[in-house]
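Got a structure for you, written out below as structure tokens; questions coming shortly.
A, B, C and D are the chain letters, set down in written order, and residue numbers restart from 1 in every chain.
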Amino acid sequence: MSNIHAVVLNCSLKPSNETSNTQALIDESLKIFEKEKVSYEIVRLVDYNIKYGITDDAGEGDEWPEIFNKVKAADILIIGTPLWLREKSSIAALAIERLYGGSSLTNEKGQSIYYNKVGGTVITGNEDGAKNAAKSILYALSHVGFTVPPNVDPYWVGDAGPGDSYIEAGGDEHEFTQNNIETMSYNLIHFARLLKEHPIPAEGNTME
Amino acid sequence: MSNIHAVVLNCSLKPSNETSNTQALIDESLKIFEKEKVSYEIVRLVDYNIKYGITDDAGEGDEWPEIFNKVKAADILIIGTPLWLREKSSIAALAIERLYGGSSLTNEKGQSIYYNKVGGTVITGNEDGAKNAAKSILYALSHVGFTVPPNVDPYWVGDAGPGDSYIEAGGDEHEFTQNNIETMSYNLIHFARLLKEHPIPAEGNTME
Amino acid sequence: MSNIHAVVLNCSLKPSNETSNTQALIDESLKIFEKEKVSYEIVRLVDYNIKYGITDDAGEGDEWPEIFNKVKAADILIIGTPLWLREKSSIAALAIERLYGGSSLTNEKGQSIYYNKVGGTVITGNEDGAKNAAKSILYALSHVGFTVPPNVDPYWVGDAGPGDSYIEAGGDEHEFTQNNIETMSYNLIHFARLLKEHPIPAEGNTME
Amino acid sequence: MSNIHAVVLNCSLKPSNETSNTQALIDESLKIFEKEKVSYEIVRLVDYNIKYGITDDAGEGDEWPEIFNKVKAADILIIGTPLWLREKSSIAALAIERLYGGSSLTNEKGQSIYYNKVGGTVITGNEDGAKNAAKSILYALSHVGFTVPPNVDPYWVGDAGPGDSYIEAGGDEHEFTQNNIETMSYNLIHFARLLKEHPIPAEGNTME
């Protein structure tokens, strides 16, 4: 069976020397990747100097091209984000702009460079908005060329209003969220394998 | 002080002979209206035959005009809705289409008929999506001519995944939600009184 | 090659004896289905008595079960909708509630009944909101079990504000929209064929 | 009549030495402010080093506090943004996070610091998504304490797909957009004056 590689963009507003609840939920998915021999890499975007602009390379000092190379080499892309005011983080918005900036690049068949890649999202917040953020992220991925398998939007949120976040609340024992993490992880793997063996035919979907 | 009148459109999918969690949360707001001598009327939309179409009157058999007359007589409009798949109900969508269908009607000054009316929303669900539904409803109200005071989006949801709804979960003791109900109710009243005494000047905002 | 069958739910607010701009855009997709020997059926939802409620069968008088049977037999589901106030129609919202109401049903492997089905959306409006409606529809399809291939959101809108609709504006000669219709149609077919020959493995994604 | 002051946050991805279509549309509003003796200041956010984090002051090197002081002194706040993939820009998302980070601050009456301030949004893109971005921005403003008058979401977009932007397309002669700019500008002024003379009573809406 082909080797599958996953890249996770953690769009936390906190740098990697601080604890990220989103990372804690992502880690549950990575356990399954390990069990299934899927290699992976995690990128904490806030650690990088990512410039603004709808381009795959914003020039001097822009560290997105390094991240973009990882995305190009990946079969699976997961965007992990916290929720603020029911939305994905501004860094997730930035990542999507930069992915969009590379969407006119093509593979050797003339399709979007994101064809045959599979996307999902992992979301944590303490109150509300996970599905709002998920729809925004998954739609963007689909719109630029990723395939979106069923049920790739696991999340954890607490009840209405401020409260404990995922780690403090013991979210790793929340059965609904854990089931959804498992479903996402397997569906990403199933589709990555499927598309690796049977790439999308270059008919009706090339960019001229 | 002027008399203020509120109309609440409860967009539950259940008819009024069934218990509505959304109504239970609305009722918390109505207690404040009573205390402040604001008269009100509740309309359970699913009890009516509301036809499809972007019009204020869809003709024979359409019962929207009766509801629309109540809206026209109101100073405050609250749209209450349950959440399904993180969205307002289809009946809330229908109500907004019908309100939109009346948005080219004008008051005696040539402004939208909804000018000087104040809008808010009350939302219940058992998992996620309240702010997504609130932004959709409040934006629609603002776009057709209502004024949206600050903090008019009280809601209750449980944590991630299926679970108890507002009533079973004892949501009426949830401090965050109760505070937000109070804030919405008072801000709707404050602005309704303000606009009754000082209507929006007809300058730059009339429809020709 | 396996036979592929598509069902199109046209969520126009106008019954089938009136001209639907959305249908005109859908028809461009159907031309490709015909060329590729994909059979299809179009359902104008407003012609039916579809009851409210999160269920696959709302009882006496409910005509959704007849539609739901068509969906169950389809490999491809397209939801077509007009835009009103930048949103999908209330009938599209109703269709999604009813699809959601059937989402706990399973196939013979214990997966959601929508697994191995492929979803897309076709949207027309005269001003703005197509991507907003597309993300809402595609997210809902993905969340209940459909697969969302890349680039399955063709649309036509005019520029800001009221104006001609798709047919009057000669939208069938709008190259961007036509290209997107072609891409959607082929990607739906490619994925429907792929999943028919290689169904999603029942690992990590069954409902207990 | 009281002096009214407006602050415009232009969330273009381009620095102020490059032409911003969003600024061109904002300028139409500023002409009305000048006519009505409303003072204003424009801030091109991308010119500043705004750090990530849900706080009003992210510490050393963070230039948000300087901008936040301008917001605190304003009666009117306009968020201007371009559209990318039907969404507000990532810089607009960042601005909203930072505004949210200041939302627990209170005025002398104990209300949110944003009470008695009025908000609107101005949006340009070349294809689609203006109302989606508007609802996100206006909801966020309302949720943190701003008042949202009716019809404060003027925008310009071209028809489906890539094409000329506002300036090239002669958007300043687009009657619909110009009417909406006028309505927004006057409604912001009307409400700013109203709330300056009749502030929101501190009843039911203070933060303890």
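Just so it is clear, a contact is a pair of C-beta atoms (placed from the backbone, for glycine too) under 8 Å apart; a residue touches a chain by one contact, two chains touch by 3 or more.
No experiment lies behind these values; they were computed from the predicted model shown.
Could you work out which chain's C-alpha centre is the most distant one from the centre of chain A?
B
Please work out which of A-C and C-D is bridged by more C-beta pairs in contact, and write that pair.
By number of C-beta pairs in contact, A-C is the larger.
In angstrom, rounded to a whole number, how far apart do the mean CA points of chain A and chain C lie?
From the centre of chain A to the centre of chain C is 25 Å.
Based only on mean CA positions, could you tell me how far chain C sits from chain D in angstrom?
Inter-chain centre distance comes to 36 Å.
Which residues belonging to chain D are in contact with no fewer than two other chains?
In chain D, 85, 131, 135-136, 143-144 touch at least two other chains.
Can you check the complex and tell me which residues of chain D touch chain A?
13-14, 46, 52-54, 84-85, 87-91, 93-94, 96-97, 100, 136, 140, 143-144
Please give the residue numbers of chain B that touch chain A in the complex, ascending.
The touching residues are 85-86, 127-132, 135, 155-162, 169, 174-177, 180.
Residue numbers of chain B touching chain D in their complex, please.
32, 112, 114-115, 131, 134-136, 138-139, 142-153, 182-183, 185-187, 190-191, 194, 198, 200-201, 203-205
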